[in-house]
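See the structures that follow.
There are two complexes below, and they share chain A, which is joined by chain B in the first and by chain C in the second.
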Partner chain A sequence: MESVQTKKMMKTLLALIPVESPLYSFHPVSRLLLFVITGFIPLFINMPELNFMFAVVVLLLFIYSKVALSSLKMYLPVILCAGIFTFLTFIFFPGKDPDYKVIGHVFGLALYDQPIMNAFIAYSKILALLLSSIFYFSTNRERDILAALRTLKMPFVASYVLGLSLRSAGMFLEDLHTVREAEQARGLDYAAMKFTDKVKLYSMYIIPLISLALRRSDEISNALFVKGYSLKSSGKRADYILTKYRFSASDVATCVVLILLLVLIVYFKYRYQWFGSDHSLFQYVIK
Partner chain B sequence: MGKIIEINHLTWQYTDTEKPALVDVNLDIEDNMFIGVCGPNESGKTTLVSCIKGLIPHNFIGSYTGEVRLFGKNIRDLRAKELAEYVGFVFADPEAQFTSMSVEEELAFGMENIGLGSDEIRERIDWVAKITNLENLLDKSPYDLSGGQKQRVAIASVLAMQPKIVILDEPTSMLDPMGKDSVFNICARMKEELNMTIIMVEHTMDRLARLSDRLILVHNGKIERYAEPEHFFENVDELVEMGLNPPASIVFLDQLKRAGLYEGPMTTSVEETIEIAQSICARKESVQ
Partner chain C sequence: MNMKMNANVWSLNEGELRTPQMNHVIMMALFIGVGVVVGTFGSLAVPLGFVSAFWPGQAIQSVGCIWFGMWGGIASIVFPLISNAIAGSASIAVSLAYAPGNFLQGILAGWAFRFFKCDPRLKSGKDWAVYTVFGGILCNAIGAAWGVMVLRMFGLISPSSTLTVFLGWSIGNTVPSFILGAILLKFVSPLIVKSKSFCKKYWA
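Right, the complex of A and B next:
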């Protein structure tokens, strides 16, 4: 008989992942640093192959953290659209430079070497940042993010506002979904609508969604008052969530390695002009 | 028993409304009482409890005359933190009161605000989770729970702060029958085990009357009745005219009174009502 295995799952901001994911042996600060390093180091690197390597590292992190890679499917349109827009922009608006060399023609349009290279550089950075953002928000809950920020001494008010913003994005989408379902229940057929009508309809959603958002802000303001919170309140407050996390030796090692990596990359980039596009393999391929 | 809430000549009108929501209200509430508040829609029940909590005038705009005193202190002089230590408040919509994304944080949030240390917060979370049967839900998001569980989280987050007064504003109005049961069971437990004054606004008069030591009837912004259940239900017709549903036992006893079969006090207890009915039957049989 086939047995059904049930894993205890945890709902993060973007996904459901197993509670026993090895990533959770790390403190939220280490996880935040991992996000910063994998997402933002590529911004200093102009060699697309290195940035693509960062993207591959992030994919490996997905596997290590036991996040189903199939969950990435829903982000494929964003990843592809970002690529298409980046390349089209550099192809149609290459700019002018006497050093540009024509490497081919598409529909009568000249393709230049440097703009194409720039498109690869820009897209590789976007891809690395997109994947690491998806990874971070797929593996962390709001409380993990807040715990990381408060450990780094971010003021309570600022971290709380950030938490509310993250939550409000989800609620906004939920409200939109409810309004659309209500419309469908009353016979509105989206499939039969013209594109212009759909655009008009979307603009009409703004009023109910804003009034719902205003009502929610009013409710949360009352809830905060009822729970004794006020911006003017003075005195030190205990931060209970932080007691739930321990900063271990492996966290220290991870943070040191990640910070060292960041420092080295920045140092070599600005001291010795490493990671420039001149030495990129893509440069040779394009030429 | 001492007075812990005193309302003197309170009139409140929200801005942009034609008439006051509360008109010259006077009320004294003593400690360790379970007070039920009922009345038709738009009668001023929520406004009354919002005034006791201090949401009015602190968080609403309008005209306010008269005074509300909590433990002898004017509510206008109390800050959010002090008010939270005195009065806990549970809203009708469970989702409207969540301030955090996990049940555990939700329970801890209020305690952090009133300045408790982490160790005491942990102890109180364990205590309150046990009372409200939330032990297995601490790690979950409150938004992912059922209606009854959500309202239990809301009540637990208030109980954890151990206020002297707990106000529940129609806590079962958005719940299914099972959710309603779980909330009423917790209220019954609070009444029996915890040393606090509970004020509950509720439409389900049957269960409210059984729990309450005294009942308040609010109508057109005024307190029409404030009495023990046996006296509160003396004029059942008036309640029905207002659109309220008196408890089944009260309706039954009222019918017996009209038929000249019963002259004793009204009771909300099902057991006592059965005894009364049995004694009437026995009396009839002996006459025949």
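Right, the complex of A and C next:
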């Protein structure tokens, strides 16, 4: 039963996702565009409620794509700490403005309306951007990213470097795992170690890992040389990965809608001053 | 004797011709991977949103530029884009705005080691001094100044917290990156300077 389930799941850069995820009906270019556009939209919006809604939409996309929301657990500290830090900076360093109004006190510190509003704006943007970023890497594999970039005619060397970089991060972690297992096999007890010793040990891991990377670079460059690849002329070659994806009408529609959405948001923001904090519900609540 | 050894690391041997090779590109790609892991770990270990207060990835930038010149500089730009996205510590727009700061943060040490003819193996007091000033303090100050400027531009920190965030960022990054960078230079440089990937000039 377990093996059947494993076959149906696919490992992305950050999570496990079912092979039949509806998201995979979209071409990698559409998914990449979604990542780029959603990485910009919250920056133009100064209404926290809209950015929080945006974050909810991204969470719904997680559910639609059948990504287990439990994979977001590791980001909870990031989400919480970022919020605490953002609010603390605006509470402790509100700045001076005669128009500020005191709306309360915390630990003897006055809370002013505008800095608290600004904290909400900043945090809502951070949350929305963070979730959209995690969404992309939770739903895409290294080969999806490569397929998107090669479809967009990125030069072979650049896409190869990017692919190898992402793969290298995985190899680096595998090497680290091997080193740690070798230490444990020799009787190293992590649990009994002091914190300072653990810090020292972790710093020292980098030495064998970089040495392995150095050896690997020689092996890979030799292999490429033998296959006839060079920096200057890689020549035109058949791209197997691209044959696996088809840019359909729904992709065209998705890309148009996404680009239009960003253009409209930017247009209405700068032409009619929409999405400003003055129109926010939070402004009324705080006041 | 020491000066002679220092100069030898960077000076070309008679008849030695150095041009960018495939192994430089491959090493850069692998180094980006190393940076992604170290950078992501740093961002997740002390998560403060878009503000960086403990980021050992900076050591990878400085050391990469000392060893691999401009290839390290490119890696300094690329790996934070990926690690920030994976760790969720900055959006693509903010990461792109960080890029010039990341480049300066890395290349400063690479330039200083070549300009002052220092040995990447940190053999003399001068090597340590240049690494401390250019690879530890100055580069992090520049990176933090740039980072804080970007965050101000996007309205993600309060204007009056600028100085505090800058100090927290630069000091917080200097400590872990100085320690990790010193370990790398001291123990890995002897291997790197003998390898084909080592760049005596900026590109080869």
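Here, the second predicted complex is superposed on the first by the 215 of 287 C-alpha atoms of A that agree within 3 Å, B and C clash if a C-alpha of one lies under 4 Å from a C-alpha of the other, contacts with A are read in each partner's own complex, and residues count from 1 in each chain.
The rule we apply is simple: contacts are C-beta pairs under 8 Å (C-beta built on N, C-alpha and C of every residue); 3 or more make two chains touch, one makes a residue touch a chain.
If you're wondering where the values come from, they're calculated on a predicted model, not measured in any experiment.
*Asks:* Using the superposition on chain A described above, determine whether A:L109 touches chain B (first), chain C (second), both, or neither.
*Replies:* In the superposed model, A:L109 contacts neither chain B nor chain C.
*Asks:* Answer with first, second, both or neither: which of chain B and chain C does A:T243 touch in the superposed model?
*Replies:* In the superposed model, A:T243 contacts chain B only, not chain C.
*Asks:* Given the superposition on chain A, which partner contacts more residues in chain A: chain B or chain C?
*Replies:* Touching more of chain A: C.
*Asks:* Give one of first, second, both or neither to describe whether A:S230 is in contact with chain B, with chain C, with both, or with none.
*Replies:* A:S230: touches chain B and chain C.
*Asks:* Return first, second, both or neither, reflecting whether A:L260 touches chain B, chain C, both chains, or no partner chain.
*Replies:* After superposition on chain A, A:L260 lies in contact with neither partner.
*Asks:* Counting only touches as set out at the top, which of chain B and chain C does A:L60 meet: first, second, both, neither?
*Replies:* After superposing on A, A:L60 lies clear of both chain B and chain C.
*Asks:* Report for A:R143: first if it touches chain B alone, second if chain C alone, otherwise both or neither.
*Replies:* A:R143 contacts chain B only, not chain C.
*Asks:* Who does A:I220 touch here: chain B (first), chain C (second), both, or neither?
*Replies:* Both partners, chain B and chain C.
*Asks:* Looking at A:I134, would you say it contacts chain B, chain C, both, or neither? Reply first, second, both or neither.
*Replies:* second
*Asks:* Using the superposition on chain A described above, determine whether A:Y75 touches chain B (first), chain C (second), both, or neither.
*Replies:* Second partner only.
*Asks:* Per the definitions at the top, what is the overlap between the chain A residues touching chain B and those touching chain C?
*Replies:* In chain A, positions 167, 216, 220-221, 224-225, 229-230 sit in both the chain B and chain C interfaces.
*Asks:* Contact residues on chain A for chain C in the complex?
*Replies:* Interface residues on the chain A side: 13-14, 35-36, 39-40, 42-43, 46, 74-75, 77-78, 81-83, 85-86, 89-90, 92-96, 115, 118-119, 121-123, 125-126, 129-134, 136-137, 157, 160-162, 164-173, 176, 203-204, 206-207, 209-211, 213-214, 216-218, 220-221, 224-225, 229-231.
*Asks:* Along chain A, where are the residues that touch chain B in the complex?
*Replies:* Residue positions touching the partner: 10-11, 141-143, 163, 167, 216, 219-230, 232-233, 235, 237-241, 243-244.
*Asks:* Inside the complex, what are the residues of chain B that reach chain A?
*Replies:* Going through chain B, the ones touching chain A are 53, 55, 58-59, 79-81, 83-85, 88-89, 91, 93, 96-102, 104-105, 108-118, 121-122, 139, 141, 144, 157, 161.
*Asks:* What residues on chain C touch chain A, complex-wise?
*Replies:* 20-23, 25-34, 36-38, 43-44, 46-51, 78-79, 82, 84-94, 154-161, 164-165, 179-180, 183-184, 187-188, 191-192, 195-197
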